[in-house]
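Worksheet: one structure, shown below.
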Amino acid sequence: MSKIKDYSLADHGRSSYFWAKSHMKILEHSISELARKKPLQGYTIASSLQLTKETSVLLMGIKSLGANVIASGGNPLTTQDDVAAFLHSEGITVYAWSDQSKTEYDWCQNMALSHKPDIIIDDGGDLNAKAHFGRFSKLHILGATEETTTGITRYLAMQKKGKLRYPIIAVNNARTKMMFDNRYGTGQSTVDALLRSAGVLLASKKVVVCGYGWLGKGVAQRCAGMGAKILVTEVDPIKALEAHMDGFEVLTMKKASKLGDIFITCTGMSDVIRKEHMLQMKNGAILANVGHFDVEIDTRFLLGKKTRQARPNLDECTLGGRKLYLVAKGRVANLVAAEGHPPEVMALSFSNQIRCILHLVKNGKKMRSLVHGVRQEIDNAVALDALKSMGVKIDTLSKRQIQYAKSW
Amino acid sequence: MSKIKDYSLADHGRSSYFWAKSHMKILEHSISELARKKPLQGYTIASSLQLTKETSVLLMGIKSLGANVIASGGNPLTTQDDVAAFLHSEGITVYAWSDQSKTEYDWCQNMALSHKPDIIIDDGGDLNAKAHFGRFSKLHILGATEETTTGITRYLAMQKKGKLRYPIIAVNNARTKMMFDNRYGTGQSTVDALLRSAGVLLASKKVVVCGYGWLGKGVAQRCAGMGAKILVTEVDPIKALEAHMDGFEVLTMKKASKLGDIFITCTGMSDVIRKEHMLQMKNGAILANVGHFDVEIDTRFLLGKKTRQARPNLDECTLGGRKLYLVAKGRVANLVAAEGHPPEVMALSFSNQIRCILHLVKNGKKMRSLVHGVRQEIDNAVALDALKSMGVKIDTLSKRQIQYAKSW
Amino acid sequence: MSKIKDYSLADHGRSSYFWAKSHMKILEHSISELARKKPLQGYTIASSLQLTKETSVLLMGIKSLGANVIASGGNPLTTQDDVAAFLHSEGITVYAWSDQSKTEYDWCQNMALSHKPDIIIDDGGDLNAKAHFGRFSKLHILGATEETTTGITRYLAMQKKGKLRYPIIAVNNARTKMMFDNRYGTGQSTVDALLRSAGVLLASKKVVVCGYGWLGKGVAQRCAGMGAKILVTEVDPIKALEAHMDGFEVLTMKKASKLGDIFITCTGMSDVIRKEHMLQMKNGAILANVGHFDVEIDTRFLLGKKTRQARPNLDECTLGGRKLYLVAKGRVANLVAAEGHPPEVMALSFSNQIRCILHLVKNGKKMRSLVHGVRQEIDNAVALDALKSMGVKIDTLSKRQIQYAKSW
Amino acid sequence: MSKIKDYSLADHGRSSYFWAKSHMKILEHSISELARKKPLQGYTIASSLQLTKETSVLLMGIKSLGANVIASGGNPLTTQDDVAAFLHSEGITVYAWSDQSKTEYDWCQNMALSHKPDIIIDDGGDLNAKAHFGRFSKLHILGATEETTTGITRYLAMQKKGKLRYPIIAVNNARTKMMFDNRYGTGQSTVDALLRSAGVLLASKKVVVCGYGWLGKGVAQRCAGMGAKILVTEVDPIKALEAHMDGFEVLTMKKASKLGDIFITCTGMSDVIRKEHMLQMKNGAILANVGHFDVEIDTRFLLGKKTRQARPNLDECTLGGRKLYLVAKGRVANLVAAEGHPPEVMALSFSNQIRCILHLVKNGKKMRSLVHGVRQEIDNAVALDALKSMGVKIDTLSKRQIQYAKSW
């Protein structure tokens, strides 16, 4: 009942799955402990996740806990067709393929919801949005989990208007997700995307990092680690001050646009790099976005110019006498031009996902229809699992120390 | 009416004051804007702060806003006598000198409270504690501000038992305080303390950082920046995981004690480096504490051994055939063996202090007797002031972007 | 007269060429200055270089100076077939294709020499070795240039035995080559190779860098920049001490083999990672070589085990219950699994190449049949060209300063 | 027969000596092996070294090998009087005290030579210069060793004119001296000098490093490690390119003078920061020199302005409305305002010193009157000693590997 691109790619996808699984020991650890009791037996779980080798480990894990799993993609472009084929071959219903039109993407999400899921796993909020309006607004849903800041922002807006129908756990806000996934994961995969798409020397280049949240911090740190000079633009004064104290050059986008060799948007905001900035850039400048949506760079303007593909995932756009290079058409560069987060990092948020889903199954009915944080004890359990799976031992407080803490 | 060590040191203290003032432009900026209206006229403000050239700028600033200022020390050992003399010469009542006994320290704090302050500025919670019990428990106090985690922990314990008598603003929790002061300030001044007291090469040394909160992060980053190899001990799994991902070796104190060349406690907890650890350490190991109290290293054990002063602020303690070196007798090393935070960093928290004191004067009566955070708008204002005073300009959201943020 | 794999790939190769050319401004600068006079008119130049988009810029540049250019590969595996097709389409005679057998590789080099070159450009020394023995030992060759340490070591051995027939300029020893190419180029491309082949998180991993010459330094610095913990093995005490002072853990291969998550050989020596080391490694360890030859890791042992391809350029080898992963079959990982040096870095050594070739054409007959260094003035000229092409201006000594330097 | 400032300081100097000795295990190791045979019995050795706790370990070490040791200072300002007193109390003849006039300094050196030394240990070349001209030009001297680049430059000038009377070993050029001493030693002690004299926050500051030799590299790396933004000025294109690739901003002194918060000269050249630069600097800028002579900054101009001491070793100079701050009057900042190299680093060059002195005693008569490098086997022995004394074990080449190296 799946609809995917090429059923013959299952073996290739299986090989990717096994590789990822072997680097997601944290997740395996959580799952193997729980799998015997089949705690998700009888539940239908619909996901709107980027289909990659790593998410395949999550979905297979959920399946092994007894659930009926339905997978649609998290983004019209980013589905890996071999992974889709593998999941289908393992009995998961998949509606996803690469390079979808908006209509196709929409259709897939509709199909996912038509299975009447009990739980939704979302990455960006598209599936949850759909489950709130129109024909799906009557579905009985226990609750949902959300991977991204973007999704959460959307739900909070809905919550403010009293429109949220069921509890949503902001997995993205777990400390083991936000700090690790965004910082270490995207930090590395952004470098990866730059190397694969443009392949230029990073040492000595001026890299303009737009936004200094967890994402921007990770990108700045890794690019600096490759020898680049970092320039940061921000709108939040505290983050700006932090970037300044971290030794980076903080300045306005206007000034930065004349100086940068490479520009990376990490803001979650729209209209960050605009026409007036691009008109000021140096010949040969490279632009990439790693924020969730492709609205950070004005790609309509840039791709409207004379354009040719210089390298895979790299478009050369001619503005007057100068050439600018756009990575992955301004879409999430580390997903499109590289392979997204490394498996070790995704395992952290997926371990959170599973523990939150189990929490929803148990407690969803009692929970208010709000955006909920991940409970501290879940967060700690995930971190401890992670340390164990990497062979790291830490101290615990002695009685005397606990006494001391209480002594005031 | 002051009681200090040596009134003749005022000129030396004045010179330090001017130097600090010239590096605390953020603070000067805040003060000069407010000074004309004398908004603190008629108020008595008692402080229990480490008396350094930087705090002299804060206290002089508060005085310039019209207040009657009373200064006692924040710690029996750390008063700089020239600064005390200077403040006295400027009309501030000072009860503080270096190397006090516990009794003397106590006496000074009693004297400060005997002035019936309206507002208390505290660093560690000793003065506020005193104002809650015994003969001072009837004082009418509008509110207090607190610089340290330690103080806040104490107040929260009191709050839990319903014992808090007035609102206390946790300046320490301001993002512009906690992130900057602890990380950049102590990070640097800990290196400074090691260089002045021990003067050994940091490159290639194994530095064990106990605790990976903001303090430990700052210390780890700067010691790594000097070429050291960092080993981290923690009890919090999420912080431990962060240290591990930041590329540091995470391990138990037991294991670390055999490997380290230098040990630095940054936990806020007691009994971190214990007898059993010291007995395992390498000959020549150096121990320092930068947490608020001198309870992190078991100095009673260590200083109970045969001891001689090897260098200023460095005691050589002989354990069996081995010699261990203790910085500043286990007291706050960066304050005792160096000069504490650099002025630029203290200016941030002092700018917060002043804005919070003004807030208390206006709103203290209406506020509940709880520990309060610093309001986001105060925090942002401080950061923006800081950026301005350093000549850094940042972007602001365009209408279109604000629209975008609201659009969900 | 070329022999290549697929003539239809020329357009793809041309696109790569233009991209590389736009990032090799230094080289373009040198060439465009010289091109009018066609100083290489009438000379035949044979190369044994890895055929990549970057070397295509060098070869096209040499051609534009008037030379008759013959290109064979520098390695049986690494030829990029599209580049070969492009060069052929531009009138360069090419004998090279990807995945050659030893016999095919040999045949190509024979064909290159059959054109009776005046100058040889070599990368590893295979072509020069061939030109010294057997049927090619009577060729009249003006001189040669060499890109690698490996090649130079071979020539020095030949020189010691008095067997060198013509002067060879060790371009590899130019400061603008050795320091930059090996350190910044391979540093980055090794990270690139790890990300593409294995795609694991580097942050927190223990990376064992075998050898701390320029190559090892670059690799260590970049892996540390990605958050890894670096362990170094060395046989040279001074280099070992340097690594130790740089904050890295220095230890024996025996000890390192139990600790590492990733191993990278950078020595130029054989038998660095041996059977006894692999038998000690952790399950999941990844091994890669970036030294010139595939003799640093005992791949005969490792690939003799049960092996399957886990990902492109990554073989999973089963030893007892554990799985080890070998990148690019132990061949030069950054060339096979990534794209070699970034263009900006190669431009430096290629700029040296061209200036040295012109030097040989002018002075080759007068030069002794020895390995020659690159002349200081050539080296300086290349650096100055590079700075200019990147818009960097530097100071020059004033008369007074020159006077001062002479004053002793 | 000594002439020093205060004989009563011997105990304080002894305490410093023991502390330094305990951190100079490398040196102790070398000495203890040799001490039994008293290989320097009957030789008089005159030194012109900065008298610090570290040099006291060297001089005591030489004495323990049987030599008659005469110590004059290496610089009119930098003698530590307690160390001088200690050395005197141990039977070394000392002519040195702090804050000497040029005449006093001269007198001390004359006294040292009047003992008719067999060997000279020099730091800057003053004593060797004196031993070539006038009344000392007839002394029979076996040879000398030299610690600094400056000294060597002077001797090379003399050698060029055929004026050198005896062999001088350039200890400074030993790899274990130049790379370690200048880079790790001065790197750290420059940070130390800035913290003690100015005490400002380094994070976020723009630090202009003039010169990117070993010295400048060390200073840049450590200041970057403290969170500063590094700007580099250079006259050598290759070093400039290296700084650029290391991620630092390279620019002319003219441009840098407007941008920097802190300026550090590391060139060995005169007239690096000139009047025209100072007139452009920001209010509050800090200037320091760590090159050997106080000619790098135009201090005559700067100190000619209205000047007051802002802090110990920090002069505030008023230029128009702006104030510039000069560390240590432009003299070697890390020696005057801090304690020079950390003991571990000095031990390396002193270990070289002793091995070179023994070499001179054995072979001096046979050696030509030239500047000689340190022999590779001495250099390696020092490095190996150092590694051993720090508990680091390294690999050695196997027979098979030696075979491989020879196989070409």
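Here the chain labels run A, B, C and D in written order, and each chain numbers its own residues starting at 1.
Just so we're on the same page, contacts are C-beta pairs under 8 Å (C-beta built on N, C-alpha and C of every residue); 3 or more make two chains touch, one makes a residue touch a chain.
By chain, UniProt protein names: A, B, C, D = Adenosylhomocysteinase.
All values derive from a computational prediction rather than experimental measurement.
Engineer: Give me the step distance from chain B to chain D, shortest route via touching chains only.
Structural biologist: Contact-graph shortest path, chain B to chain D, evaluates to 1.
Engineer: Where centres are the averaged C-alpha coordinates, which chain has the largest centre distance to chain B?
Structural biologist: Taking each chain's C-alpha mean as its centre, the farthest from chain B is C.
Engineer: Taking each chain's centre as the mean position of its Cα atoms, how many Å separate chain B from chain C?
Structural biologist: Computed from C-alpha means, the inter-chain centre distance equals 53 Å.
Engineer: Using Cα averages as centroids, what's the distance between chain A and chain C in whole Å?
Structural biologist: Each chain's C-alpha centroid was found; their separation is 37 Å.
Engineer: Any idea how many Å lie between the Cα centroids of chain A and chain B?
Structural biologist: 38
Engineer: Could you list the positions in chain A whose residues touch two or more of the other chains?
Structural biologist: In chain A, residues 184, 203-204, 224, 227, 244-245, 390 touch at least two other chains, as defined above.
Engineer: Report the topology of the inter-chain touch graph, choosing from line, ring, star, complete and other.
Structural biologist: Topology of touching chains reads as complete, every chain touching all others.
Engineer: Going by the contact rule set out above, which residues of chain C touch chain A in the complex?
Structural biologist: Residues of chain C touching chain A: 15-16, 18-19, 22-23, 184-185, 187-188, 191-192, 195-196, 199-204, 221-222, 224-227, 284, 309-311, 323, 338-339, 342-345, 390.
Engineer: Which part of chain D faces chain A closely enough to touch in the complex?
Structural biologist: Touching chain A: residues 203-204, 224, 227-229, 244-249 of chain D.
Engineer: In their shared complex, at which residues does chain C touch chain D?
Structural biologist: Within the complex, chain C touches chain D at residues 125, 153-154, 157-158, 175-176, 179-180, 184, 233-238, 240-242, 244-245, 250-253, 255, 269-271, 295, 379-380, 383-384, 386-387, 390, 392-398, 400-401, 404-406, 408.
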